[in-house]
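Look for subunit A in each of the two complexes below; its partner is subunit B in the first and subunit C in the second.
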Partner chain A sequence: MPSFPNVRLASRPLHFIYLCDCSGSMAAQGKMQALNQAIRQSLPGMARVARENPEARVLVRAVRFADRAHWHIATPTPVEELQWQDLQAGGVTAMGEALDLLAEQLASPPMEERALPPVLVLISDGQPTDDFETSLGRLMRQPWAQKAVRLAIALGHDADLEVLQQFIGPDPSSGQAPGTVPAGGVPAGEVPGASGEMPRHAVAGAGRSDRSPRRPLQASNATALAQYIQWASTAVVGAASMPASRVGDGQGGTSGAGNIPLPDLPPTLLDPVDDIGPVVW
Partner chain B sequence: MTWILPEGASLSFEGLAEPVLIVRGLGSGSQGQVMEVQVAGERLALKWYFPACIARDPNLERRLGEAIRATAPSDSFLWPIALLRPTPGSQAQLRTRSGGFGYLMELRPREFAGAVEHVAGRLELSLRSVLLACLHLADAFHALHSKGLCYKDISLGNLFLEPGSGQILICDNDNVDVDGRDLGSVLGTPGFMAPEILMGRARPGAASDLHALAVLIFRLLTRHDPFRGQLELAIRCLDEPARRRLYGEDPVFIFDPLDHRNRPDPEHHAAALLTWPIYPAELQALFVQSFGPGLRDPARRALTGQWQRALARCLDQRQLCPGCGQENFRDGELVAPAAACWHCGSPLPPPLVLVVPQGEVVAAAGTTLHRHHFDPLHPPQGDAPLAELVAHPSDPAILGLRNRSGSVWRAVLNQGEALEISPGRSVNVAALAQVLTPEGPITPQRRCPPSPM
Partner chain C sequence: MIACSVIGASHRRQGKPCQDASLARELRSPRGERLLLLAVADGHGGSRYWLSAEGSRLACDQAAAAVEAALADHDLADHERWEQLLADELPATIQRRWLAAVEADWRQRAEAASQAFSPLTYGSTLGLALLGPAWWGHTGLGDWDLVRLDGASTVLVSEEAELGGPAEATASLCLADAARRWRERAGLVPLAPTTPPFSLLLSSDGVRKSCATDADFLSLSAHLAELADATTLAEGLAQITAAGSGDDVSVAIGHWGHPGDQAIGPPPPQPSTAARRARLAPLLISAAALLALGGLVAGLALGWESLLRGRQAQRPGASPSAKPGATASLSATARASLELESRRLCKQPQLIAPSLAQREPQFRDLLSGKLLAPVLIAAAARDPLGALIAAGSQQLADGSPESALLRGSCVELRQALDQQWRLQRQASGRMPPAPQPATAPPSRP
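Right, the complex of A and B next:
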């Protein structure tokens, strides 16, 4: 039987890395279980997005941090092969050390010569107990960390939003840049297309929500957590791996704001009161 | 998944006599959600928009209404059938306060797979099916543009194809607009957007559709991207600014005959290097044109009619390798022996051709004859075949010509004997001197290479 030549589109790796707070406080109110559930439940959707984006090889890893930070999943694992082992809570919050582990892995090598922007998701319910700022500075000297899409999810009301915002970088829509993110020390041309600008939040047209993926996403219950995790592992992975349809900004052209335009947050989370009702939770 | 229209609900919409049963959610995207619904006993799809999508595209409802009134340009579009707005009574059942609207369309049949499945190498299909899909695509855009409309956002994501027949379906027809009017906010999808759109020098329309169409056809034919060559390898992090440079600021076609900066890399871009030489020069020339002068000057992009002709002609030149059975496409004159088979390297013999009023068609199992082979005024199309070349069921070496028209043919055999070929019957091409069909004659001719002096 004649058939199309056995060739396929060349792909680039897309590293997706969870940084999960496993401090003792995560044991309260079932937060640890909720996070394990949320990540496990999100994997089929993530695998589906990976399948729809043949330009990307989606590879997942995870760091857990409590008294110390460890690689929970050390090997970059294709999402369809991933089996999520439950995280256990107990200890303090060595968030800085987690960033150190991340920084080592985002250096080139071990990072590939060519890749898609990594996606880093930091999930925490508390305050770092080690030297977070020094570690963040070290991390942000890595070109791949600067190019990464950095998201943060605040669990409950005790999370340190300031710290999470520092991890994300300044939110351009807030007008006041919280914290100071160390500027990149990359010589121009080191990573082509380098841009210090942060992605602009794509929902500007809606213009009524104070929620933005450029700020810590505040999950006050298990449903919200699951939806944020699902959003990060599907919509954001899609945006980082294959460009989606673009909408104009009224000035013509797609302005070069940011290195990856972030997708809208799910409508249920954007504005739970005004839009899709609070029916589900 | 939270569905705006609750599964199982029976909702009333303005202007509809009967309520619509929401059967189940089919999918959720950046713009909204698609539900399977039942309307008056018929299963249809209903796309419902997110409030944020409606808010940033104020003319969406107007465009949809106009598209519905204009009706589908061809069968290849999953076109909007009706615009639905909830009645005040059913508003309360919707999981959104702002109500909003959606539109009905046909359900996409199961046998259609996303074009991305083909590009990812996960579909088994023939080169002929892929070329037919491209021909249907060119045909669909020809019909759309002929109505004065433009699509604005064609990409791999909204194209579906049926691997066996090469039939296509184009989805997401909600950006369709009157060309030049620009009542929309969509710009296109990076990688498919014309450089002048990506760089903000122009707004999307029929001219930028022609660029996106060329990209899409290239990606279907090669499973590769026309702008990813050496210049892509120089990019470490393939992000938005990098894509902007690759596709907007300084796009260079990987097979540009004059500019060699972006040639494919043998290791990373093997697909392009293997597939590109398979296609005849006439087809290659349209890419060189669209991705050369056409990049800077939209008026110089290959037109839908040119794609239709070149693709149809490529299908006519299809020859199966006697060594491995693979599909080859002969270049130019059908007399000379062609180069070796791209797959196994066997030399390709001079082909048996069918002479028809409008050209010559290489006789190869699977090839079909259409109205445009007989009628000079009929545009090249890939559907409704009048005749098909078929292998004999028990001896595949015997090639037959099957009558797929509705009328009886008269066949004259080599010995002068005449007989009738009813619709559905096949006649052995080797025994055939000529077939007379109501559309015109079909005459087999064995092409011999010129004998050496």
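Right, the complex of A and C next:
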């Protein structure tokens, strides 16, 4: 067996970053408590996926935003070492400032040359109260933000879906302008809420042609929220841990939409507008 | 030369095939010219590219066939032609051949009955490096890397430019405008016989992505380039993917100027027809002398020798008996090559003596007349040091443009040349003891 002295071989870091709305409205109807619980319960599954994909180093961080945005977990933390500290609700919705914090960390450096596409999960129940669009523009100028898998979870019916869609990015299959949300739900089996590639069965022709998987996930209750968080932290992390190279057209696009092929949602979450359990939000 | 592809650790775990392919092959032209071809191809691996393992294999095969055909048609000495070939014609040919090959493969599959053919299914990158006696070049498209290594440095000479947009995106043979994209990765670098030995290491992206930084990648390349057998290389690559990216990994390694059968190196100096005749003359004379025992052929042989001597006498400095004072016309290309080589050596005076010491045969043959100074000088573009040595030869006149050029060079070079000429003359018994420095001409041997 040859040896390679003075060469650091390394698995590729996979940065997973939560952006959590902690505005006052999150205190209502147990949303904050449900979010804390969902994230905490997802950690063992996320750690299992990380163990199954040793070529990726899953590193978790979190931003909280209310009157101001702050790093809740500032240090990229290996998932198996992560201990979730509960978020507290109170204040307005400085979502734009949260994106500014994120943009700083997605610059190269501090991002590593060989990082895997980061996974960014924005969770909100309301509307930004600061200059979201300017901050989003700054964020999206970072190449790592463009390469990221951007997911959004809308808590309840007051969440601003257009803002969340802007964060995910335009849905090319909707035929609508960026920032607008197509009406209706997502056909069974498709992947909503992900800036990822069309799922396999959708490519094969299933579903309605005017629907898109790249839309905010709408969680109407604690159960749905937990399942979305679980899906993002396991299935999506698994997919992002072993990305396949794909064809780039040299114009900043690919021959297929999205950054990485994403797995389907679990069967109970086939349609993001379906209610799962009692509607409480 | 050596090439190896190893399945990625994560692909092995998922039961996927290795979607990389690679080759290192020596090609020979009908004229006997040798060319080393290195290739790596990386199938895309996503579900929509489900036959990319075939795509990468066919990419290497078709590239080898296309380069071999080009070698049959084009002299390796024609650098400009090969530069064009690498940038334009080979890409178009390989692209066409690959498309035909993957479509033929598709037609043999059961899926062809129900699905339309799409080259996307076979999507792959392709990187090529070519090592000839007097140049090396590269071409291709996609996220492969090419590193050049010699004793002094390890340099990343070609990598894919950032495409922008989504992650893990790369140019591919399956793109409609693929042939156009090769030009960005094409290049040709001329070599001189004085070029120190070096190696080229071509690798798929899984190797670089397994390293913490680019500095680690270059260090790893240096280690890999020293591996001599396929088994050790395969073990090393398995180690790299397991500790690194988990992706399939491929490398192809070729050497230039190294000892060994498989390395390629500079061409031997090509003397002119007159010089070859001059070199053959003693043999002809000997043979004729033997035949002369019969009494009839001796006269003819002597006549031939006289004929040769007469011809050589018409060429300045063309024989050991050529008188000092002969001149050679100096073309602009030769002058530029001589000046460039002179400047190169004068910038690195520590290289002068070792470089000249390696050229002992040229000094000796110039002294004996087996080599003609004008011939070496005419080939200055290919062997600038040989031309520089010839410029100091007594075959040329003191006032020749070559010797004038030499007098304008740095003192270190002039002294080293003087010293080498003295040594060679002493060794050949053609020279009286070296003159005292005070009386020695400043720049002539």
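Note that the second predicted complex is superposed on the first by the 210 of 281 C-alpha atoms of A that agree within 3 Å, B and C clash if a C-alpha of one lies under 4 Å from a C-alpha of the other, contacts with A are read in each partner's own complex, and residues count from 1 in each chain.
Simple rule for what comes next: a contact is a pair of C-beta atoms (placed from the backbone, for glycine too) under 8 Å apart; a residue touches a chain by one contact, two chains touch by 3 or more.
As the structure is a prediction and not an experimental result, all values here were calculated from the model.
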item: Residues of subunit A touched, compared between subunit B and subunit C (which is higher); value: B
item: Partner chain(s) touched by A:A235 [first = subunit B, second = subunit C, both, neither]; value: first
item: Which of subunit B and subunit C A:A28 touches, first, second, both or neither; value: neither
item: Which superposed partner A:P263 touches (first subunit B, second subunit C, both, neither); value: first
item: First, second, both or neither for A:A74, with subunit B first and subunit C second; value: neither
item: Set of subunit A residues, in rising order, touched by both subunit B and subunit C; value: 1-2, 4-10, 12, 53-54, 113-114, 116-117, 143, 147, 203, 243-248, 250-256, 258-261
item: Touch list for subunit A against partner subunit B, complex; value: 1-10, 12, 51-54, 113-117, 143-144, 147, 191-195, 203-207, 235, 243-248, 250-256, 258-261, 263-264, 267-268, 270, 274-277, 279-280
item: Subunit A contact footprint on subunit B (complex, rising order); value: 2, 4, 30, 50-52, 55-57, 95-98, 114, 116, 118-121, 123-128, 130, 153, 155, 157, 185-191, 193, 197-201, 203, 223-225, 228, 233-245, 268-271, 274-275, 278, 320, 325-327, 342-343
item: Residue numbers on subunit A that touch subunit C, as the complex places them; value: 1-2, 4-12, 53-56, 113-114, 116-117, 143, 146-148, 197, 200, 203, 241-256, 258-261
item: Subunit A contact footprint on subunit C (complex, rising order); value: 9-10, 14, 42, 44-49, 120, 123, 125, 143, 162-172, 174-175, 181, 205, 208-214, 216, 219-220, 223, 227, 232-233, 235-236, 239-240, 243-247
